[in-house]
Amino acid sequence: MAAMNSLTALQRFHAYANPARFMALSARLVAPLWILSVLVIGAGLWFALFDSPPDYQQGETVRIMYVHVPSAWLAMFGYGVMAFASAVGLVFRHPLSDVCAKSAAPIGAGFTFLALLTGSLWGQPMWGTWWEWDARMTSVLILFFLYLGYIALWATIEEPVRAARAAAVLALVGAINIPIIRYSVVWWNTLHQPASVFRMDGPSIAPAMLLPLGLMGVGFTLLFITLLLVRMRAEVMRRRVRNLRLATAGAAAEG
Amino acid sequence: MDEFFHMGGYAFYVWSAYGAAFAVIVALVWQSVADYRAQTRLAETLEKAAGGRVRRAAHREHETGEDAS
Amino acid sequence: MRDLACERGGRLVYDGLSFSLKGGEALVLTGPNGAGKSSLLRQLAGLLDVVRGEIALEGGDPERTPGEQAHYVGHLDALKPSMSVAETIAFWRVFFGSIPQGAETALEALGLLHLADLPVAYLSAGQRRRLSLARLIAVPRPIWLLDEPTVALDAASVARLVRLMKGHLGQGGMIVAATHLDLGLENEKTLRLGAEVVA
Amino acid sequence: MRDLACERGGRLVYDGLSFSLKGGEALVLTGPNGAGKSSLLRQLAGLLDVVRGEIALEGGDPERTPGEQAHYVGHLDALKPSMSVAETIAFWRVFFGSIPQGAETALEALGLLHLADLPVAYLSAGQRRRLSLARLIAVPRPIWLLDEPTVALDAASVARLVRLMKGHLGQGGMIVAATHLDLGLENEKTLRLGAEVVA
Amino acid sequence: MMRAFLALLARDLRLAVRLGGGGGMAVFFFLIVISLLPLGIGPDRALLAKVAPGMLWVALLLAALLTLDRLFQADYEDGSLDLLTMGALPLELIVVAKALGHWLTTGLPLVVAAPLLGVLLNLPGEAYPPMMAAMLIGTPALSFLGAIGAALTVGIRRGGLLASLLVLPFYIPVLIFGVGAADATAGGFSGEAGRQSLALLGAVALASLVLGPLGGAAALRANLR
Amino acid sequence: MMRAFLALLARDLRLAVRLGGGGGMAVFFFLIVISLLPLGIGPDRALLAKVAPGMLWVALLLAALLTLDRLFQADYEDGSLDLLTMGALPLELIVVAKALGHWLTTGLPLVVAAPLLGVLLNLPGEAYPPMMAAMLIGTPALSFLGAIGAALTVGIRRGGLLASLLVLPFYIPVLIFGVGAADATAGGFSGEAGRQSLALLGAVALASLVLGPLGGAAALRANLR
């Protein structure tokens, strides 16, 4: 039963990598992270709203870019985190990576939603339509679906061990599929010439715009990490609650 | 100043974009923190309620992979 | 294969529980509801992860898991209402690697022969139970894992089952059974899972 | 209500079977698997059509069917994994027309009180069984129809159940129970349904 | 009696929410089907606008259909339904409670989600009000008519599909009048036709409120014993 | 080993036929959805022809989705799946057998039915051969990808809907390339694009034949223990 033994070895390894340490460490990190992200985002907002020129062709609407693009970046970053954590969780059975994957999903979904929303708020003045079946927009929409599916799966399977592994499988299969989906959508979109020939390569970005964009990007990322930690802490507590309840159930089995 | 809020005629789009961003982020933050608080409180009450053996059990569990995986 | 040394612990239910079993021996699991009998049986069958500890099987061919050398009869009967009794047994024989013919002996052994052509849908609780027990005979496997096998069985059927179990032990097989009523096998050990050992 | 005269026959399984039961009396149905115990109980509960013969209930208010004055506990436990133990009982109390409060006594009676806040999903087989039996106490009804109520119960719980049944009989209730093991109630009649009839 | 009714309704709502199953799923499905369509018929916005109302209604129907088996199947499989019939609450009211619960957890969320999806299909702005009205009137009919199908197929292991087959014909009037109401303004018909189809839709809905519980209860009686 | 595989396949086919839950249902659903569409879109034949291939594919997808829960759920609920894993047959092959059975009882009948429905949507004649080819290549992919979703939701009571939600995004490439193949001749593109999309569809199908069993088996392992 070699498999069995290696597995138990893993279990011993877990005895060291236990959530208690994570809780202690993260407790120290959370507060500073909050402050840092607020500061950076605040600075970004200042430049985005006051201290950056309107675009020569897009006018003031270009200011939408400073929330839109970072959201879009984090939408993809979020799935990356989720998939990576899932892989680790599946291979090494490391408890915290499951917690991490689960906690990343809602945040990523939130930013994906923001990318969609701000994008269409940008599209209306720019192309006179809220939505265009442009390849990139379509693939972001599908990314949003993948997030929702992942969250729904977690929400439906009660037992954490099972839920974690199932969700991990989903996240990984999704990660494999994303390139395929992305490619097919582009192919489809170029097959039928889309009604609007608008391409979102974005204007060659002037440095004056680059600064606020960069700041917002960093700020959003910091915010993402902070939220991730908080949610992970909440998840660990939720599991402690579950174990306490199960212990009661067991104790209830009175002779 | 108004001309700042006016956003060159695009006020609605720009401000609703920023508003939406603000709303979504606040919602995320609020939900996460509230959830953390709720779970912590629940855990404390349960630990008080449960007998000593059970509490130890829960914590021992806590160190095994079973718990947090 | 000769004898099974099984040592295991972990999972919230019980901990540091360990025992070993020789060929021809039976282990009867007793204990209050929720003590973990079903869980233990599922772990032995490889249907539930072992958190800590290990299940070792000395003898028997190494590259087959204990699960593949054991029969598991649990609360669920794994029967298809639309298949006939005979079809059911025949399928499991082929799937578990023996030939479809000769299923009659198994049905005979559990007194189901006259129901052979009846769709499972028409069987009563006890008849269904007996059918899922018939797998034990239909496909010979050294280890039997039985979770409350006597549920819904009438006195006669219980006696029949006990006879079969004794026969299996006689041929050097092993049995681990969770039950609330005494079966009266000869060389049986009893393992009482108490609620005291909660995780 | 005083006493129940129940006469019935027909249905492929048994025929021309008839009996009557007074308040405070218990009827124990025995018989081999497939004899028709479950079928009879479902007919008494009004969950299965009566082919021939009739089920009459003297006393008790006329415009309520026997089914509405009886509790039926069958093989299925009618539990929702995502509801907590307390919620489950509270719901059935309200639905069967009493108030949600005071469910504790029922849980107490079956030793489930400390599980009250636990989702049903966490319960073991026997714990679930006890919860579905708790309905008997949660909502008072004169007639109890129990199909193999002791299944999956450990010795302690069986004893507890028997105590409850005696109490119910003591208050002039009636019990019809199908079981394979003797419960040892006082004034119990036994109805042995005939040997296996293959339809 | 009334309290039993409310208790049952509350229980169903709670279960729908807890399972994570309830309305969320239906909306999610609605969303995905709608966004599949352009991938099927191409991104041409004019074409999309043309088919938008019909597609929205068809997708709505499907989303409602797929959740029908939640109505009775679960309660049948775990024996709850047997016990529910042993209470004082008449079977008809049980069906009403379940259908109502189904609408609250499925129909309503779908209606709320519809406008967003209209944007994806680039539905012209003036079509929204009548479409919403039509959907608000039409969706209860879907739940109550659906109850009949669900009741007829209760006990069949995975009867969900069969249920939808039985129910779909009954849904056709809802579909036609519903689309009519939205189309009436979308395609350049006279508003007259629109108001007319709304009225007809209302009639169908009222009929279903009566037919559903009666038919459903009858079907349940047939299936339970 | 091989005999166990065949035995399992034969059993699944037999059950599907007996339950009647097999292809018949899916085809019937396919039929009804397709006949709903004209009611939704209106009788404009030119418009119908334009959207026909896309609609056929979308309906095909839905019909396939609705039968997914037949893949593992039944065997899980009655404990058969536990026993199947206790045999010598590796889990991956079990998934293959089940997906294959699903395709034979669902995908194949749907493909056979498709041309008839094409007539309802007056699909231009020259579009049939490429569409049939595309469907023959595409439907196995639907079954094998679907197996992943079914396996992921196997523990869940009525996970059918959730399964379809999880799977739909993965179906998108099949949909796109499938429609592309039919469109390529229907809409007046060069046949070039058509052949290309057929090739891409083939690639996707092959990928799914690998991904499906692996992912499905992994998901089952996650859910079973």
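The chains carry the letters A, B, C, D, E and F, assigned in the order they are written, with residues numbered from 1 in each.
What we mean here is this: a residue touches a chain if its C-beta (ideal position, glycine included) is under 8 Å from a C-beta of that chain, and two chains touch if they have at least 3 such contacts.
Quantities reported herein were computed from a predicted structural model and do not represent experimental measurements.
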Inter-copy rotation, subunit C to subunit D, in degrees (Cα atoms; steps of 5): 180
Pair sharing more residue contacts (C-beta pairs) when A-D is set against A-B: A-B
Subunit C and subunit F: spacing of chain centres that average the CA atoms, whole Å: 38
Mean-CA-position distance for subunit E and subunit C (Å): 47
Contacts with two or more other chains, residues of subunit B listed in rising order: 53-54, 57-58, 61, 64-66
Subunit E residues counted as touching two or more neighbouring chains: 19, 21, 25, 28, 32, 39, 42
Multi-partner residues of subunit A (at least 2 other chains): 11, 142, 145, 148, 152, 156, 161, 164, 185, 188, 243, 245-255
For the subunit D and subunit C complex, residues of the former touching the latter: 31-35, 38, 75, 123-127, 129-130, 148, 151-158, 180-181, 198-199
Subunit A - residues contacting subunit E, complex: 120, 129-134, 138, 141-142, 145, 148, 152, 155-156, 185, 188-189, 192, 194-195
Residues of subunit F that touch subunit A when the two form their complex: 148, 152-153, 155-156, 159, 162, 165-166, 168-170, 172-173, 176-177, 180, 183, 189, 193, 197, 200, 204, 207, 211, 215, 218-219, 221-223
Subunit D residues touching subunit A - in the complex, by the definition given at the top: 81-82, 111-112, 114-115, 117-119, 121-124, 127, 154, 156
Touching residues on subunit A, where the partner in the complex is subunit F: 90, 142, 145-146, 148-149, 152-153, 156-157, 159, 162, 164-166, 168-170, 172-174, 176-177, 180-181, 183-185, 187-188, 191
